[in-house]
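Shared chain: chain A. Partners: chain B in the first complex, chain C in the second.
== the complex of A and B ==
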């Protein structure tokens, strides 16, 4: 009886799929738009499309990390990226403010102590409220949400699988892939997967990670190492080559130089070879020091890999529909309209080849795509001059070209760099060292001196750069910036006063008020 | 075994009840007090209550539904009242799943789909 029943079910399943395929062929798909991936880009695209009265569905599924960490709707930024990161960065900044406060007359008993579990709980609660908020918004905008892992079975048909293994078939006229990426593990290093964590786990730890080794010298690495140091943990960054590859390297060196003064330890030109577990749960890491040609070891409570991120395209079964990916990165190749090699299939956000891996670009790309699909718009996403900030203890914000890129593009004779070392007013009374507070503006040298890039290291770099990004987007020139009146006393005003060129070789230290 | 309802008034009674049923799924609807005719001073609460009640059967087994009257208008308008301070309520009606960030505020409580989602999702 049971077998008969099962066979009947299977038969109905096949029938169902056949019917749907027929429907797909006849052009009658269930949804106008199906988005795979409910992160920054996917949610923005789905909600925008629904505003045009279209029938829209989103599939989102979080594969637990190898350590078993999982989370709710909203993608990387909300759960294991920007949001928890910035809040923990804030926790660290408050620690520095407590030190400054004594100089300003506050009596604060020393030493102050930070309790990880209190911070983590508060941050995690906020993230959970955002997960709920996204659910409410989708429901409110009439976007159908499936908590399922999606993969293609034909160009208009997605097979969704729930955690329990229940299958649902969804058909759609247009499909957007917005499945982002996940942290990589260096699989060739013994013990890496077994004993290491990644940023996917760090933000969800209930107890303090303790003495931590962060491997890699990317954004993610430096930001996490920065806030771990800031809340008082013994933190080491292991860096095999340069910090912040792709960023202006003078700025990147200042960022790491400041972190060293701040207390983060750096193991430079070192790469890990194995991780072992000792008694008492401590982890012993062995690495090669390429400068000295030696092998060294130390013990840590936590080892975090921040060696880059990669998309999970295997699950999507892209080969079945012919969506092309880059053989090098595995990311999906798209054109200026975010179209993949299959006309009605699009891709946005971190999964796409050659795009910045940032939340605001994923959101903007998603919205514009929805407007082009359903709102009679032809506006393309403009990926030029996207501002960004690295939230290290001393923040680094930038927009436009690095000095290296400008020189490469235009030649060093055609590029003028204005720069200044400045001291934030609030650092003076607090007796904080401002050695790395530095601003650099890269301009064309020809008469109108268009600004090509702006780089700022200092407090609130993100807040400083955001407004200037508008100017640069509008093609601002050096003389225009010089006509801009500063706001006194601020750090941002130093940008309006830049007058020393690198070429002159003059001292770039700003003095007095 | 289904679910049960508890009607309470004021913050202390709410807390007591929530504590008594600790460990079970607790949902709570906070509304403005009702007058002698049984009408709340808060018109949105009047709109929300039937919508919410119609969906109660969707609550998971063993749930407790606390229907809580927060007080009169003057008490509620006090920005330092205990509901606002301790439960971080920002408006009435509020429907929430106790101990989670899942809540619906004011007009959100009028929407059947949202109410059903609150009762059914974990």
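== the complex of A and C ==
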């Protein structure tokens, strides 16, 4: 019975190859669209294209991390990014809420304890359900799925390789590269690769990471260090220079200031030189303190590298087809229509140069690309005024320009900055420190006073900023904001009440009613 | 497979096994122990035997065999007096599914489940128990959708748990989500009877 089955499969394989060869010889490509990469951008593009009745296929493959971690369909966001991050951030917030609860009358035995394995199992289960959900969606939308690693043979041909080494050739009229990125390892540091982990591994750990050192000043580093502190682990962040490069620096320093008060240790202006393993699996890290000029060491259970992400282009064989990449970052260079240097080859998401590394922008770009290719649309993706949030213990949400960028663009005389230090009502009874709860709005000074950027630090920053992003997209002005009535009592209403300028020099602390 | 669970008679009482009516201390029996979702094998102990065993385990000594008159269950395959282990099986691959489900002369219920699915952990054992009650008239095949994604996709499984009733290779009935024992009984009886 099994032999008959195998013979049947072999026959079908031969038949498939014969059909593809015939099609190739006749000049017809097998698929209208082939997407390499089953992440946020790739899946959105593929599903949108399939809506137009096109023949679409997706290739997705996860190369295991150096520690051996691997995951299913869905890309970085679903498996090792936004989703598990936000869930673990929530776990940490709940810990704080339990501490606050006493003040509100709840009888909860202090101190509260957290079990990593229970949280990790629940998060991992949810992620796996999302992997399955994506698989079902592809099936429903009639998108063919290959669990293979793709590389270019020519501009219309991709060679797909399964884990077992089986090869499949796929041809397509249009190809979209959406392979994203992977965390970098600092290869110049001895022991970095052998003993350190990255965000790829953190969310899939079965056991608690214990006393952790997170190296890096990116939002990945701060968000991870934030929730690790929140669930009760001894956590240290090591930063070479400034935190959250690219973000408004005043807001970035408020974020790190809060984290320090919250319990995260910071090693500022330090960089690691080596990592060694001790008995009992502990790791000894040696680093240089550039301020003091000293060398220091300490022991940790886990060292996590959050020193940047590298585009996943190495195995694509882009040279074979001439797709140009940036010499500085290695990312694929695209124009406003996501086209690469080769006709009919496009790229979207984290792999592209000069674009935000965000899920919603990748999804939007993917959908618009599909509509332009197959739906007679000419709408391009607008990358301006993209809102985002850093999910540190005290969240930071923003949309538009930072103060530095606005001043650089328009000059400090033409920019007005409104700001306020506020206290969330919920913090009062809980006796929580609100020193870093701050809002800043950057506007043009001339007649209309258009809002250039909005920055908010406080609880639920993401929820707060989302609505205001619409206003800014529509070109909202300061007078229009002043006419907007706030909802009371909320933190968001403080934005509608901004009236103290930085220029005035007045104390920006505002009180509630 | 789980290790044998040693329980006081009191625990078994909680699950409805009669104290009177022939269960001597030292007898092996099948039942559901507290906190255990699957039927497992147990050894009924007298309080003195249980105390001795607990003390031994506390002192980290290898548990000695019980007094000669008590049969001792080993840490291996499920020791079961019911047809449980024969009426339920895990599907190994596509050809296994063809052989044991599609080409099976008996009707088969196929339980598509996943490790990450909470409701599946409730439905699975419940369905197994009801299938076992049918005394071999129907079999149960378990398919983990992450291990056998192609199979699950082929049978259009979207949410889990999804249970298909198969007869002579055709899907004759199906349901999605948890059902109680009475509903499962009716589902199985319909499959056998039809």
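Following the convention adopted for this analysis, the second predicted complex is superposed on the first by the 485 of 513 C-alpha atoms of A that agree within 3 Å, B and C clash if a C-alpha of one lies under 4 Å from a C-alpha of the other, contacts with A are read in each partner's own complex, and residues count from 1 in each chain.
As a working rule, a residue touches a chain if its C-beta (ideal position, glycine included) is under 8 Å from a C-beta of that chain, and two chains touch if they have at least 3 such contacts.
Bear in mind the structure is a predicted one, so any value in this text is a computation, not a measurement.
By the touch criterion defined above, A:335 lies against neither chain B nor chain C after alignment on the C-alpha atoms of chain A. In the superposition on chain A, A:128 makes contact with both chain B and chain C.
Contacts of A:448 after superposition: neither chain B nor chain C is touched. By the touch criterion defined above, A:296 lies against neither chain B nor chain C after alignment on the C-alpha atoms of chain A.
Once chain A of one complex is fitted onto chain A of the other, the partner contacts of A:167 are absent, as it touches neither chain B nor chain C. Within the superposed three-chain model, A:433 lies out of touch with both chain B and chain C [touch as defined at top]. Between chain B and chain C, more residues of chain A are touched by C. Of the two partner chains, both chain B and chain C are touched by A:136. Residues 125-126, 128-129, 131-132, 135-136, 139-140 of chain A lie in contact with chain B in one complex and with chain C in the other.
Against chain C, the residues of chain A that register as touching in their complex are 1-2, 5, 72, 124-126, 128-129, 131-132, 135-136, 139-140. Residues of chain A touching chain B in their complex: 125-126, 128-129, 131-132, 135-136, 139-140. Residues of chain C touching chain A in their complex: 94-95, 98-99, 103, 114-118, 145-146, 149, 153, 157-158, 160. Residue ranges on chain B touching chain A, taken from their complex, read 100-104, 108, 111, 113-114, 117, 121.
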